[in-house]
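Look for subunit A in each of the two complexes below; its partner is subunit B in the first and subunit C in the second.
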Partner chain A sequence: MSVVTVQLGQCGNQVGQELFDVISSDTNDAQRYRPSAQGKTYHACSQERFLNEEITGELSARAVLIDMEPKVIAQAMATAAKSGRWKYGDQSFFCQKQGSGNNWANGFCVHGPRHEEAVGDLVRREVERCDRLAGILSLMSVAGGTGSGVGTYVTQCLRDAYPHSFILNQLTWPYGTGEVIVQNYNSVLTLSRLYQCSDAILVHENDAVHRICAQLMNIKHISFSDVNKVIAHQLGSVLQPAHTADTHSQYSRNPMGELLSRLVCHPEYRLLSVCSIPHMSSSSLAYSAFTWPGLLKHLRQMLITSAKMEEGIDWQVRAPPVGQGTAEKLSGFNTSLANLLILRGKDVSSADTCGFLDPALYSPWLPAEGAISTWRSPLPFNKYEKSATLVSNSQSLLKPLDLMVGKAWNMFASRAYVHQYTKFGITEEDFLDSFTCLEQVISSYRHL
Partner chain B sequence: MSTPRRNNGEGCDIAGGKIRCLKARAVLIDMEEGVVNEILQGPLRDVLTARSSSRRVGIRQQLGCGTQGVRLGVQGADCGEGTGSGLGSCVLNLLEEEFPDVCRFVTAVYPSAEDDVITSPYNSVLAMRELTEHADCVLPVENQSLVDIVNKIKHMAHTGKPGSVIKKDSTLISGQGGVSKSEKPFDAMNNIVANLLLNLTSSARFEGSLNMDLNEITMNLVPFPRLHYLVSSLTPLYTLADVNVPTRRLDQMFTDAFSKDHQLIRADPKHSLYLACALMVRGNVQVSDLRRNIERLKPSLPFISWNQEGWKTGLCSVPPVGHSHSLLALANNTCVKPTFIDLRERFTRLYRKKAHLHHYLHVEGMEQACFTEALSSLSSLIEEYSQLDATKNLLMPDAPRLNIAT
Partner chain C sequence: MQRGKSVKIKEVIGSLCKLLSALGVDSVPGTDTFRRAKFNKGDAVEDLWRLLYSLLSKAVLWGCACQATKKHDIGAQARLVSAVLWQFGYGAPWLAQTRGEDGWGEEVGSRDLLLALGWVISSGSLLETLLGEQAGGLETLTSLPEVSDCWPGVEIPAGTERGAGQCGRGLTGKGEREGDLRRLQWEQGKLRLLWRGLQAAQAERARLLHQVLSSTSGPSDTHPAAGCTGHSKELARSQTDIQVLDIYLDWKLMEPLFWCWMDSVIDTELAEPSPPSHRGAVAMALKSVVVKGARCQGDSGRRGMDELSEMLLLLQVQLKAWQVELINHASPSGIVTSSPEKAKIQERVKLRLCSLTEAYAPRPTNRRHRLRPPEHPTHRPHRPTKHSPSQAGQPIEAQASRLIKELREEEAGLRQEVKRLRRGQREELQELASRLEGVVLIPPLN
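Showing the complex of A and B:
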């Protein structure tokens, strides 16, 4: 089954380009270093998922590129073509002359409706090239105007056009400061609307990924490209072929369906966070050896402290004894609703995941058996001999979400910048609805 | 719209290194022919068509051509003299009516107190009303600040401290119209304003890792519709001779942008209240340089409670000619208030005695109401700034959050 990716705005297009790059290089490695049947099926499965074979034999991404300005798309298409391994379809993009000016309302109320048909046609063409559609993956930031505004509008349209397909939105959350002053407004408007139409929202926080680049990968001058490589690594390790508990020695057919049915069991809880271990520079990779128990022990502690990297985790935090009410939960402890563990690499079948089965990690009102799922693949991923990724529906996004809503609310209290939105048809009522929706989400997660 | 207008159909003719195939997207307006004709005969004659200087028709023609591409009108207006302030404001209305989506940026030149036009306070206040009601963004520039800057440069050139020779192509004396004696005094001053506009549009004209369109400036810097006066500062202004600027000098550039000496109006933003601030950097500067400098400067700059993180940044990789980097800082800051108060005082001094009023009132459509309305528009603008200023040293609690029944 295939996944159609929709890349929106500067961030979405740049992240998407890195994602396809990781996927195509990982898939090629599988075939090159594992000429066995194992490598071949992995390769075939991944290719069917993400790439079209053109008549010329070239591979093109099952992706649609959308931005309201031309520069970023041109850059992404050129970089892809230069790889020699894959490219974007020559006709799979839509752009205009000038961006949405960081204004969500401009993207959502003006550009979105104006280009609905053109964008819809592009996506439909990509969908029709799939034998079977597993789902749609949208990539975007929440802080600008195009990814967030047009992206939200497009997601709503896709929901109408494909009512039975899975739609997963990958969102990049902004740095705390420095780039877009109205970023918290744009984020609030995006998240509240997506909560109604997307099946799940998978979040990467720029600040957290930036720290991984600085502290784990030892990069001195960190660029967006470095940040995007980390995001792409994590996304790729979730989306590349793996065996689920039910499929045993076969690759699962529908990664998005499996992921969503495992992780989003209640419509009120749709926020997913992701973390991986290990992350390191390619030069140190060659000299490092990891054991599964070591990796999983760290990953479990990252989960319960909601840390995004293994460096500096707090080992004092422990799961509370089962049976205690939610109110007495220890501070700093991150309660989960559901987790998905993806393990890739050498001796993967020997990896023992019982640490994640502990009912104390989970909200008491759900049966613990369904709360943790594990996918495995014996092939190394993206040159890491062993790697583990955890997708988690837990309280770990509660704090950043609360902070974001709080800042936006403070600004809204003085009505600052609101006229920039009303100009395009977003009213104060619309803002209030969005705030109400997100306060509800915050409250739900807080009381897990 | 970020490029000059290329005339279709004509072969490109760069004879003698001169540009002939590009036409400026500009309309020149004045009520006496002298100035416009002089420009049309000057070195710019090749990029301006004779038609550019006509009125209404010209504007529509320029803005109408390739409507897709045109999103923005940058306008320069003089707030003191008759044509600039009066006609300029009228053009602003016209633009708003005919091209409502076009972003209207205005650089308004404010006369100094010793201005030779006695009625300049009237003109300025009348123009201010239009600017407040109809422009999206105004970049006020005070003649006195320009004079101060030009004098300081002259002084540095003459004292000639060892090693402190003004570079031939520094911001101020690049191209024609430097500060040499034979120049008319306004040329050097205008050069500063021209550089302001160049830096303002550079991110839209060139590549960069953090692009910043002009409409992003209003979106990020204008929290309330009328409070759209942005104080600008330009660095380096006083470039001394050495090209390889080490990191310390780069950081110095950021420090300078917040000093009084570099503001294009006489104001002190550091001791007033910031509503928002944008840094538009050109040249070989990285995101990490930006972050480091923002972190460093932030503690000394008072920001309004709901916009403690009110920074917008743009990185354009192409520096101005002759520089390794440059910075344009735009601040929405309550420090514009004294300029406005000063203007109001000079206006009322004249108006109390009804001095020279008859010159205006015999013009058709001008009534005394225009004066009182313009004055109250200015007063309420001042009042709006004062109200924000009043929150400056107060510890504002977070707004109580919405309650959700659980």
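Showing the complex of A and C:
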């Protein structure tokens, strides 16, 4: 069972490269420090999931790199080759000379359709090399030109080509302060379309990750690489092998399917957010000790306050007593639809997760037993002795989504920059449809 | 031409009969019944009632009370069929008449029933629906776009089973229902995802099995397919499915001819208004207009078209009635002498028909400036036709001035649009400029 990763645009390619880096180093560590059968199966499972063994014995990522500019792809491939542990396939990239210029419509209406066949062939080749396709993971930014425009188009094509496969989109949400003036338009268009064709949308907010880098990891001059490393750490901890409820003491053969069937069964609720604990700089890692109850207590509070890191959590917020209607829910309380808890590290079997079984955390129509599931792996992940990651389908993305749609709507009301989209074939009706779709999503989550 | 058609028509009807039997409709009569029904022979009546009954019982979910209908009680079957036809909006005059009465309408002619059968077959996609049910095992059919289980375009009245179910739902507690519904949707989505996982597992197994087989065994043929009963059953089932599909395709090829023949049935019906209960073709046509008008469920766009065709039908019927009158009431010599008169009448009717067709003919609407007289076209038929050429000059003049006015208006509109666009551009330029001078918010990293 293997996951094919599709890296789209600058952001997607950088995150993808970091992800494979984390995975390969973690896998190697497992084999090195745990030469027992345990480490070997973990290593083998992870390798089958993410890497191809070439005839030469080299390991190449099960990934396709797509960008409209050659620079980032070349960089990613060079960095990967330099690691000595893994590389990208020599033929598994597609790039052009000219970017989409941050114009979503250019990517979606021009570049996407033009290169549909070439990209489709690349993905198909990767898929055919898998004994079993566990799913397709596509990495992209939500607001850029190539990443989001071409990425959305490619995701639609993938859905057509693989109607029964699992497709998980990882989106990097832009800084609220703005990288691109039209980022809110791009986000609205991307999200509304992905909502129709993707199985789940896993969102990382740049702002939140940036704060983690600044406050938890004590990085002075934060670069994109630092941000991407954190994203890759969180993604890796979700995607690396783990024992699930269905598989008991074996590693899951169907990671993507189990993830999705735990979290995103309802078509109106497809937004996932991730938070991990702990995060710290590698230098202080050796001097820290954590206990499972402490980690889980923090994680639970992070969940109900929808905080993305353990520092500065509001401990005043509590789950409301069961039986109250949604209207009386306390402000600042984050209602979940479903949660997936992934615990990795020492003594993981002793970790008690009953704090997450509280029915008050969940929507009234889905009982808590069906809404929470736990994956465990006894191996430490990415040098952390103990770590816990929570993938949550909850209201935590409601606020940023609402803000983004609101900003985009204000711009749209004065028709600012709309002509840049209409000239490539995205009409005002398309915009309106997207707004309608996202308003529906917002309303669904609000009334959870 | 008529001769050639009638030679072929047996085949056409034969293919329909074959299809109906293949679809599991009981008591399909022979092709001859259809021919006899065209000429309104009484002995075809019972066969057609049976056929209608079994066809409708395939299409409609009876309530439990109706199921008790005895197999051989033709009267009850006929009543049921009439009721169903009426419910679904078939507005033939005989239905309107028999509804009020207690009897099941022995006086209904077989041609009426044949027409009703044609209506049933042509309503929605009944045959396709039945085909979808019959050959549901075939994958190609499951992906057919929307094989609906109810006749599209026909609203089922609230008294029937489905309607009652929907009414009941609206009454109970809304919030709780909504929660249940979401829960149900969630579980359904979960099942769908699990199914996909299973499918992937199956694909993997097949792939690995193939690898094992191809590496262990040589090219020798070791397929154990022959003795497997499951396989042969499956084979037989798909063969019958394919047979049904073949028959359906045959019918599809023949279908246009069948409807041509049905047209001829309608023509015969109009030419010889034979049923004794109806007073005459004109009266019947008029009645049908009234009945259809009252139960019209079509959209407003088609209503005009329907009115036109009904009016044409009426005129044709009148024309034919005059002909019949002339034949009946004049001596053979009279026909000869009155032929100029007849020609005159025919010419008058033709003129009226022409003007009607003109008035209702669809005009090209893609041009913005249509040359159309300002008055409503429906008044035209009532004007003496010979006056129209002399009046031709005036409307054109009026149109020219109108046209100029319209063009001026358009010009003004376009100018305003240009102005608006200019303003927009200017604002945008300003915004761009301000952005260049001001502080650009760049994220603190990189």
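The criterion applied here is as follows: the second predicted complex is superposed on the first by the 447 of 448 C-alpha atoms of A that agree within 3 Å, B and C clash if a C-alpha of one lies under 4 Å from a C-alpha of the other, contacts with A are read in each partner's own complex, and residues count from 1 in each chain.
We adopt the following convention: a contact is a pair of C-beta atoms (placed from the backbone, for glycine too) under 8 Å apart; a residue touches a chain by one contact, two chains touch by 3 or more.
A quick note: this is a predicted structure, and the numbers were derived from the prediction, not measured.
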Once subunit A from each complex is brought into register, does subunit C clash with subunit B or fit beside it?
clash
Based on the superposed arrangement, let me know which partner A:224 touches: subunit B (first), subunit C (second), both, or neither?
both
Can A:311 be said to touch subunit B (first), subunit C (second), both, or neither?
neither
According to the stated criteria, A:90 is in contact with first (subunit B), second (subunit C), both, or neither; which is it?
neither
With the two structures laid over each other on chain A, which partner does A:440 touch: subunit B (first), subunit C (second), both, or neither?
first
For A:266, select first, second, both or neither according to whether it touches subunit B, subunit C, the two together, or no partner.
second
Touched partner set for A:134, first subunit B, second subunit C, both or neither:
second
After the superposition on A, what does A:179 contact: first (subunit B), second (subunit C), both or neither?
both
For A:416, using the defined touch cut-off, is the partner it touches subunit B, subunit C, both, or neither? Pick first, second, both or neither.
both
Footprint overlap on subunit A, where subunit B in one structure and subunit C in the other make contact
177-179, 181, 221-224, 415-417
Flag every residue of subunit A that touches subunit C in the complex, lowest number first.
1, 131-134, 164-166, 175, 177-179, 181, 199, 206, 210, 221-224, 226-227, 253-254, 257-258, 260-261, 264-267, 364-366, 415-417
In the complex of these two chains, what residues of subunit C are touching subunit A?
178-180, 182-183, 185-190, 192-194, 196-197, 199-201, 203-204, 207-208, 424, 428, 431, 435, 441-446
The answer for subunit B against subunit A in the complex is residues 68-69, 71, 207, 209-211, 213, 215-216, 218-225, 275-276, 286-288, 290-291, 294, 305-307, 309-313, 398-399, 401-404, 406
Which of the residues in subunit A end up touching subunit B in this complex?
10, 69, 71, 97-99, 101-103, 145, 176-182, 221-224, 405-407, 409-417, 419-420, 435-436, 439-440, 442-443, 447
